[in-house]
Structure formats: C-alpha cells, structure tokens
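Please find one structure pasted underneath; my questions will follow.
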Amino acid sequence: MTPAAQLLIGLVFVPLSTALVAVLLPPRRRRWAVVLGGLAWPCLLVPLSMAVAREQSVVMVFGGWAPPLGIGWRLDALGLVVLWVHALAGIAALPSAWRRFDPDLPESGPFWSLWMILATGVNLALLAADLFNLYVALELTTLAAVALIATDDGIAALAAAMRYLLLAVLGSLMYVLGVGLVYAQTGSLAMHQPGIEALNNVALVLMLTGLMVKAAIFPLHVWLPHAYSNAPGPVAAIMAAVVGKAALVAFWRIWFETAEAPPAQLADFLGLIGAAALVYGAIAAYLQPRLKMVIAYSSISHFGFLLLLLPLASQQAFQGAGFHLLAHGLAKAAMFLAAANIVVVLGSDSIRHLPGLDKRMPLEAFTLALAGVTLIGLPPSGGFTGKWMLLSAAWETGGWFWLVLIVLSGLMSAAYVFRILALTCFHPARRAVHHLHPRPPKITSLAALTLALLAVVIGLYPHPVLDLLGAGMPGMVR
Amino acid sequence: MSAPLAVDVLLGLILVGLAAQVAIGEHLFRAIVFYVAFGLSMSVIWARLGAPDLALADAAIGAGLTGALMMVAFRRLVEIDPKQAQAQATRSSALAVLIGVLAAGMVATIGLTALTLEQQPGRAGLQVMETLGDTGLGNPITGVLLVFRGFDTLIEMTVLLTAFVGSRVMTTRSRFYVATIAGFQLPLVRTLVAVILPLAALIAMHLLWIGSDQPGGAFQAGSVLAGAGVLLLLTGTLLPASKSRALVRLALVAGVASLCVLVLAPMLRGQVAMAYLGRGSLLFAEALMMVSIATSLTLLFAGRPSLKVGRP
Amino acid sequence: MISPWTTQILPPAVVLVSTLAAIVIFVAGEARQRLRIWVNLTAALLKLLLVVWIGLEVLAGTTFMFRFELLPGLELILHADALSILFASLSAVLWLVTTVYAIAYLEHSPNRARFFGFFSLCVSATMGIAMAGNLLTLFLFYELLTLTTWPLVVHNGTPEALAAGRSYLRYTLTGGVVLLTALVWLYGLAGNAVFTPGGFLAPLAAAHGDALTLIFVMLVAGFGVKAGLIPLHGWLPKAMVAPAPVSALLHAVAVVKAGAFGIIRTVEDVYGLELVAELGMRLPLITVASWTIVIGSLLALREHHLKRRLAYSTVSQVSYIVLGIAVGGLLATSGGMVHLVHQGLMKITLFFCAGIFGLLLGVKRIDQLDGLGRRMPWVSGAFTVAALGMIGLPPLVGFISKWYLASGALAAGMPLVLAVLITSALLNAAYFLPLVRRLWLNPPGTLVEAPIEIGRLPRLALMSSAVATAALVVVLGVLAAHPLSPLNWVVKIAQGYAP
Amino acid sequence: MTSAVFVLVAAAIFGLGVHGLLVSAHIMRKLLALNLMLSALFLLLIVVPATIDGRPDPVPQALVLTGIVIAVSTTAFALALMVRLFRKQGHASIHPDIDPRLLGRKAPSKANKTAQGDDR
C-alpha cells in the first residue's frame, strides 16, 4: 500500500479517532482533544499535495477488492483544493469555537465531538470515489451539520436545523434512487464507470437534483439562508466554507466522470439555473436586513457562478472554477467569523447597528472589506484570477452569454458588498448602540483577518494551485 | 392469475392501505400505530422477495424501534402541551394530491422502464457470489457488509453515533420527566420481563453467531437487544440517568472503534487497509457493533446519556 | 549608468512608496498626528525624487522593465517610457503640494487617518496606471483607483456624499466591467498585449476588423467614464461634494487624467493612429471629444455652484487631450499631451482657491465671490492667473497647448476642429471672466466670517500651495522653450508616435 | 411479473408519502411521510436490479440494510430536535406562515410564553 494511500487513510481516520476519543472523554475535557485533532489532520495535506502534484491523483481501494466489488478512494486536485480550504477555515474557526463553547456550557460536550465528526464527513465526501460511499459520507456530514446548527438554542436556529434536515433527507432520497438506477444499468457503484457509452439520463438527473439540494443551488436553496445566519459563528463559517462545496465537488465529479457524455442541452440548462442563482442570490443579498443573511445569499449567488463550469467545460474553465472555489471558501469563512464577532459585541447583526463599526471593531470592518474585494473579483484578489480564467474559457468556447453573465456577476456582487462597506465605514453612527458586550479575544478577529488576507494573496501568486488544477479535469483523468 | 401473483397483489394492497392510513389518517397517534403495522407488513414482503436479512432488520428496526421512538416522542409532546401536540394545521390538499400523484407516476415509470431494460445481473453481485468462497463466509450480505464494502458499515455506525451525540445537544438542556416512561408497575409485568429478558439475549446471541453463514448479524442482534432495553425502560427495571458514565460511553464507541481496528490493523502488518483478517475478526467486530447498536438505540429511546437500575 | 537590478526595482518602488505610507498611516491610527504628517511628506518627497531620477535615466536612454507573471500567459508589467514619466511626474508634484494643502485644510476634521491612508493608496494606483506596461496592468490599477477613491468621495458621510459615492460606483464599476470584457476579448485575439509605440494590432486588422472596432469602442467607453466624456460624465459634478483636496487632486489630476491617459495608451500604444483611422474610428472620436468640449463648457456656464462649474470645466478641458490625440500629427498630439500637464496645474489651482474660499469664508456659490480680491489678494490673484490660463491668454500654459492644438488641427486640414477650439476658448472666457470680474471689481457683499478659525501656519500653508501652483502655471508658460520643460518632453514623445 | 407489482406498490407508497409531506404542517407527520418514502425507495432498490439465481442481488440488500440504519438514526435525531423545538416555540411546525419567529422576526402577539418558561 503506497505511503500516499496511507496518508489518505489518515486524512479520514485522524479526525474520526479524535471524535471517538472526544465521545469517550467526559464532556468537560473534550475541547483540548478536539483542538489537537483539528490541528493534526491538516498536516497530512502537505505530503499529499506533493503526491498529487507528482501523480495527478492518489488512488486507494479498501481491502484490495477492486471496484466494482470494493470501495475505492481517489484524491485529485479538486478534492485537494477544498481540503485545503477545510483545513484553513477549520483552524481559523477554532479560536472562535474555543471562546463560544467553553466546557461549562451544557451543549459544549456534544459540540466538540460533532465538530470532529463533521470534519470526518467532509474529508470523506471529498475522497469517496464510490457513489454509495459518497451518499453515506454526505449523510454523516449533514447530520453533524444539523446538530451543530441546533447547538444555538434559539427558535430560529432549531427551525432552520429541522428544515435543513428534512430537505437533506429528501435530497439523499433522490440521490440514492439515482444510484439504484445506475447500479441496475451498469452493475457497479464506482464513480468512474468504464465501458458505458452514456449514463441513463434519468439516473443522472435524479443524482444531480439530490446533490443540488445538499449544495443549496438556486431553486432548492430554501434552507440555506436561515441555517447559516442562525447557526453559531464558527459553525456557519465552516459550513459556508466547505459543507456546501463538498456536495458541489461531488456534483462536478458525477457530471464529468460518471456520466460519460452528458447531454449538451442539460449542460446549458444547468448553466441557466446557475445564471438564475447568480442573479437571484445577488438581488436577495442586496435586500437583506441582516448581515449574516447578506453573506448567506451571497453564497447562493456564488454557487450559481460555480455552476457555469458545466456549459464551459474546458480545461481552463475547470482551473478557473477550482480556483474560485478556493478563494470564495476562504473569503466566506472570513466573513462569517467576522460577522460572529460583530454579533457578539453589538448583540445583533441587523444592518441598523453597523454604522460606526469601523471605529468600534476596525479588524472586523477590514476583514469584511477584504473578503468583499475577493467576492467582487477586483484585480489583485483570488476572485479575479478565477473570474479571468472562466472569462477566457467562455471566450474560447464562444459562450457569449456566459461571458456577459460572468462579467455582470462581479458587478452584482459589488452592489451588496459596497452597500455593507458604506454602512460599516461611512454612515455616521447616528445613535450609540445601547450597550456593547465585552469584546471577544483579539485572536478571533486576527484569524478571520488572516483568512481574508489569504484569499487576496493567493490572487497574487496563484501558480501552485493552478498547476495542481491544471493536471486534469476529473473526467479527463483516466 | 397464478397463486403467487395473487399473494403479491394482496400483500401490495395491504401495504398501500396501511401507508394511506399513515399519510392521510387524521389522528396522529393512530398514524404512528399504523406505521408500525406498515413496517411489519414490509418485512413480510421482504421475506416474500427472498431477502430474509432485510425482513429481520425491518421488523426489528424499521417497525419496532422507529415506532417506539415515535411513540415516546409523541408522549413527550403531549406532556408539554396536549392540545398543540395533536394540532393538525393542514394546507390545501388539492395541490398536494396532484403532486403526490405526479410523484407516484414518475416513480412508476422509472421503475417499470428500468425493469423492461434487458438486464444482466449486477457485476458487483456476481463477483460477490464468486469471491464469497475465499472469505469462508456463507451469508453474502454479511460478506458485502463487513468485508467487501466494510467501510460503508463503519461510516453508517458513525452516523448512528452522531445521531446519539446530536440528540444529546438537545437533551442536555431540558429537564426530564421520569414518569414519561416507567409507567408499568404491574406484578404480571415483572414476571413477563423475567421471562423475556433471557430469551431476547439468547436470540441476539444466536443471530450474532449464525450471521456469518445464515441471515442474521450485528444489526439484527443489536436491534433485538435494543428492543429488550426498551422493554426494561418501560417496566421501570432500568431508569434513565442524567450523569453520563464512562462505561456507557465506551459501549457507544465500541462498534465504530472495532471497525477502525479492522481497517488499521492490516496496515500495521503491511497489508492493504481493511484486508480480510478471517472470520474471527468479523465476529469480534460484530459483537462490539451489536453492543453499540443496542446501547445507542436504547439511550435514544430513553433520551438520557446513561441508565441506572430502578428500585425493585 | 545604473545597474540592471535597479532598472527592475525602480518602477514598482515608485508605486509602492505611497502604499507603504498608507499602511503606516492606517496602522498608526487617528491619534498620531505628527507621525502622519511626517510620513506623508517624506513619502511625497521620496516619490518625487524617484520619479525625477527615473526621468533623467529615461532621458539618458536606459529602459526600465519589471515583469511579474500573474497567470500563465498573463503578466503584470511596470515600465517607464517617456509618456509614463510625464504623467508620473505630474502626479508626484501635485501630490506633494496637495498633501501640504490637505494637512492644513483638514486641521479639525475627523477620520483623518482614514483619509490620508486612502489618499496615498489612490496616488499609488495613479502611479501604477502611469507606469503600466500593458493593458492588463493598466486595468488592474484602474480598478484599484476606483476602490481607493470611493472612500474619499464618501468621506464626509453626509447623505449627499453617500449618494455621490453610489453614483460614482455605478459609473466606474460599469466602466470597469466593459473594460474587462474588452480586455478578455483582446487577450483572446492578441495574447499578452505589451504597449508598443505605433500599436501592435495592425497584423490582426485584416482578419478581425470588426472585432477590433468593437473592442476599441469598449476600451474608449471604459476609459471615457473616468475621462468624463459627455454621456459618461454624470458622476463628476456630483463628486464635488467631497472635501476640497479630494476634488483638487482626484477630480483635476488623478481620476480624470487616468481616463484620458488610458485613451492615449489605447490610441497610441495599442492600436496606433493609422489603424484607428483605418477602422474608421478617428472621426467619431474627434466628434465625441468636440461635443464634450462644447457641451461641457455650456453646462459650466449654466452652473451657479462654484465647484460644480469647475467640475464641468474639467469635463470639457480633458477632452482637449482626447481631441489632440484623435487629430494626430506632431503638433496636435503634442498639444493634447502637454495639456495633460497644463490643465492639471491650472485646474488644481482653481480648486485650491475654491477650497480656501469655501473653508475660510463659507463661499459656495458664484455670487458670493464679490469683492474677495481685497479680502484675500493672494488667493484671488492665483485664481485669476489660473482662470486666464484656462481661457488661453499668452504667455500662460493654457495658451501653449491651445496654440499647438490649433496649429495641429490646421496642419491636419480640419478647419471644423479649429472652429471648436475657438468657440471653446470663447465659452471659457464666458464662464471664467465674470468670476474674475466679481473678485476684483464688485463691492464686497455681506460675508460672515466662516465658523472655523484657522491657525497662522495652516492659513499660510493653504495660501502658499495655491500660489505655488499658480506660479508654475506662469513659469512653465514663459519657459516653454526650455529643453526640460513639459512641452519639449512631450514633443520628444510625439516624435516617437507621429514622425 | 411480481417485481412489476411491487414497483407499482412502491410508486403508490412514494406518492402517498409526498402527499403526506406536503399536506401536514406537523413535523411528526412529515417524518412519518419521509419514512414511507424511504421504505418505497428501499423496495425499489431491491426489486429493480436483476436477481442472481432466484435470490435478490446481495449488494442492493446491503445498501438497503445500511439505508434502514441511517433512516432510523436520522429519525431518532429528528424526533429529539422536534421535541426541543416544540418545547421552545409551543407548536410542532416549521412553516414560516404559521410562526414569524422562525424567520427571526418578532414573536407573534400571543406568544405562548408557557412553552418557553418552564425548562432550564
């Protein structure tokens, strides 16, 4: 078993064993164990990145039973990029979680174990090269995420968690029906199906719809805004950064890899859905009265943007979309962590309390500004690199409609980002907010700031990530 | 119509009838009871289709435990606010009927077209049958569950553990009404428990032991034990306790931990992860999984992190 | 001779000097007044010295080139050719003067750390535009300029400032989007587009004639938003609500000239004037420039608010530059380019004086200017010199650029352009002379002293900066023939483009 | 032929489940409906793929077994969440038109304070 494959095992079993140790420990002493585990598994990413850079993808099969019999794992560049986002966002969210869930809170015991179970689920969803294993991984991630949302005991959070759970079960139901049909047609559950000329369309559509519910893509996004905005700060950050993206990566993999030759009209139709998500998300984000809702709807808009990869299926478009995944994940996690601190100090994240924020909480205001720059895709930031690659891909494949859409997406994101920035920095603080709660420790704001800075800096030096992504689209890599 | 077909159609009609009662019946508690009946008739159909493992599992988990969990949840709602618990705010049903019919039509067409496609048996299924021999197992389903696709089972056990830990997020906050559960103090019940308890343990051990070669296995054994646990809780022999104890936590984690050992041990010996280590290793893992399943389902029913022995 | 390493490092150094200053200012925070003043002044001086040093080296023929590979097949290039030195030196000089003016002007206002931070950032963006070696770098700093000037426009936080900010964003971001599309298209066609005198698109003209035309229109429209070409100038008068130093440096020099500079680069270094003429775009460009000049002046005539009148005059004056480039030929091109510098000097003086009138005497409208000559002789004197320069009276700088433009138009055989120049000169007189008359000849109206009292030193600083720029207007006009004067520098550039 | 019968049965149960899910606002009814749909799905998973010498294919059987355990775990967690939500908001429904508080707006005029006050 190659050393790289052993690292893959570590990637899932380190967080899993930390979770088991956490459940074993008495509730008051779980925090330290989880922090150690949370800092340990990202270290495996360094050797794995080198392995993926060398051989394009690291493959592993359980028990030596080659598919279609056994379950296989495969780590390719796309999965690695989202794993890096998960590692960085996870570490950045730790200080905020450390402050929010200290041991004498009743729900802090379960929280810390669930935090590691969520990490296991996400890592597994990014590695699974087997359709049913992917379902089980996404189910684990969803259940852990719903429980984490419910740690905030408010009515809105509990209702949002319940709505997310019900819709996720519906999504999984459709997905498994699709997997069943795939098995009936090809007799194998592996994600890479050799020898079939085309996956039967009904199975493909069912699987993709199920994943669209989990990734909260436009028509099926209903659960996301309330879930993200009512969840505790660190939970919202990790969910926005990674949980939705794991489902989207699965969506891309099934599209490019399992479905040999997906029909072109379906690609354009999904592109249109992406366009609708883009516009709807931006408009909704512009109208929201609460900061966290603005950030949540911006996620819906950017997921629509990422869906444009399907009609523009070229190598360059894949690099652009993969890079945007990285930049957007980091920026979104930074914004939610900053928003969490704002809610702690101001008591509520409603837009009316924002004026004067740049003097009261300069670091948070600067994080929101920097992350906003990445969302709009202004030149130096990571968002620009992703947008530029997608634009030139659109130009090469002659997709004028997509080109105009991508260009307008930056404008639409600018609308709601500048609205927030104008409110935080330039509106005069009309009346002092009734009273300010004690400030969270400095490290939480610095963690959010480093994430936002990272999102901008990778724009200046994108080569390592682009070469990694350049190795090949999930479909083309045989 | 030939005899077996008539039986199928009859079973199908019973199933659909029960499902209708569950979905459209107006009393909530009656719907739960019908759901249990639905689960049982479902296991009859599994038996009719020649899938005994599923029949066992569906009877014990699908009908038994899910029904029990729903009934105890319903009881808790009634305790908090009897009127609201039953409130039946329903939306316009015309649209819902239309969508229901559309969904049924869609599924029917999908199923029938899939059936009419000329199908050869699934390659994975055939390979399972061929390679089952060198694992020395008799029951192909246990082979798939614990050897060929063992990792799925590991994650599935983690999902069960997550459900328990997730429910702890909610139950750590609310006070608990012991009366909800331990209601039956009749003498007859105590003798009933004295008889059923050993019987359940025996059945569980049997299911566990024969699981490798005949229908049975950790899930079915675990759920039978969980049923026994529920019975003990109902009769007050065991009472829910708020202080979580190390032993109980160990029992919860045992199942997943044993499968982790199954994955990591071969790697230490230089083999591939989760390489097959023989029937002994499977039995070891299944025993611990049985304990985990029984503990987590019983505790989910109790709504508390651990149990204590009730006053005689 | 300087080592090749320094030729690599100097251009980015010039751009980053003010960025570092901005970071120090932001981190230092509001309280440390003295540190902020020192950091600002030293950064401005350092930048000026660096620009002069590079200028002399460019004169001596060394080439400066800094390349940074942003994306595969996509490079950030900062180089220093004669044209970039022209714009860079204008920005450096005027940034130094405006910093002195701003320190005095904002003596008692809040949020100064934020102001000076973004002020330096936007100057480094302007330097980036000046030093850009290819269209992508120009676009990158162009967008950064939008990002850094928006906070200055909305600095006061009043509802009108925020409305002005919104309209500024609407125009400039849409312009940016149009530019991005054109850029992607151009990169698709021509790959890594490095600026080369005379343009590099000629070989593509045969195959992609109409595509190049459309790209040209989009580029000019994108840059035209900031250059204030008529249909796209809506944001400029509204942005006058910003404090005086902002409207002085940004809307007279940095932002507006960035747009004009972009158009110069597009016409001269991307397409080349022959290709523009060949594509049939020369005439439309001339017409757009001409109607902006005329309509701009007419709008200025109608305006009673002092700063808004100056804003509309900027709209029309900047189009002289575009007109000069579009007419082409040695004389007109050099006339247009030199106006880049001359108009900057004159307009900044006018805005300085308007700022002082506004701050010290609360003067907002034209009719409040009566009799200020006696109350503030030095400031009114500077205002008059600059106003006469704008009208084009010899020996001031305004006359020189108009003279070259007129002779260039004649040389290119375009009597209509000459007519436009003459009418605009008359219109300038029509809206500037009444101001001068009110200053000196009208009896002083009833003017209450403005509420803010200013100390001796800041009052002197304000006065001296206005007078200094007015002096430059005179000196550069008189010494136009001097080899180091902007005129000769521009003639050398123009010879490169239109021999 | 038997599998055709069971496909139709599964489709009927699925349709009833969807109807139940849409009609009732009570979360318990929704969970019941979801469990019905899951059972229909499992029936399809066994009936649709071809059988191997008379017995249903072992791989889908294993998948259905895993599915059943996951279904019971999700249902158990959902029930705990429902009880908590019921205790906090006084009724078991998540439709915003019934209770604006779900969208984070102010509580309805006659907020049933009893439900919230009683527990820790």
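Order as written gives the chain letters A, B, C and D; numbering starts at 1 within each chain.
Operating definition for what follows: a contact is a pair of C-beta atoms (placed from the backbone, for glycine too) under 8 Å apart; a residue touches a chain by one contact, two chains touch by 3 or more.
Here the structure is a predicted model, which means the values were calculated and not measured.
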Any chain that touches subunit D and subunit C: A
Chain pair, A-C or A-B, that carries the greater number of C-beta contacts: A-B
Per-chain CA centroid nearest to the all-protein CA mean: A
Interchain centroid distance [CA atoms averaged], subunit A/subunit C, Å: 44
Mean-CA-position distance for subunit B and subunit A (Å): 32
Averaged-CA centre spacing for the pair subunit C and subunit B, given as whole angstrom: 75
CA centroid of subunit A to CA centroid of subunit D, Å: 26
Residue list for subunit D, restricted to those that touch at least two other chains: 44, 48-50, 59-60, 66, 70, 73-74, 77, 81-82, 84
Numbers and ranges of subunit C residues touching at least 2 other chains: none
Where subunit B touches two or more other chains, by residue: 107, 114, 119-122, 124-126, 128, 149, 152, 156, 159, 162-163, 166, 170, 173
Pairs of chains found to touch, sorted by chain label: A-B, A-C, A-D, B-D
Complex contact set, residues of subunit B against subunit D: 4-5, 8-9, 12, 15-16, 19-20, 22-24, 28, 31-32, 35, 38-39, 42, 45-46, 49-51, 53-54, 57-58, 61-62, 65-66, 69-70, 73-74, 76-77, 80-81, 84-85, 87-91, 93, 95-97, 99-105, 107-108, 111-112, 114-115, 119-122, 124-126, 128-129, 140-141, 143-145, 149, 152-153, 156, 159-160, 162-164, 166-167, 170-171, 173-175, 219, 293, 297, 300, 303
In the complex, subunit A residues that touch subunit C: 358, 373, 378-380, 385, 388-389, 391-392, 394-396, 403-404, 407-408, 410-411, 414, 418, 422, 425-428, 460, 462-463, 466
Residues on subunit C engaged by subunit A in the complex (per definition of touch): 69-72, 74, 114, 139-140, 143-144, 147, 150-151, 154-155, 157-158, 161-162, 165-166, 169, 173-174, 177, 180-181, 184-185, 187-188
Touching residues (chain side subunit D, partner subunit A) in the complex: 21, 27, 30, 34, 37-38, 41, 44-45, 48-50, 59-60, 63, 66-67, 70, 73-74, 77-78, 81-82, 84-85, 88-89, 94, 99, 101-104
Partner subunit D, residues of subunit A touching it in the complex: 132, 136, 139, 143, 146-147, 150, 153-156, 158-163, 165-166, 169-170, 173, 176-177, 179-181, 183-184, 189, 226, 229-230, 290
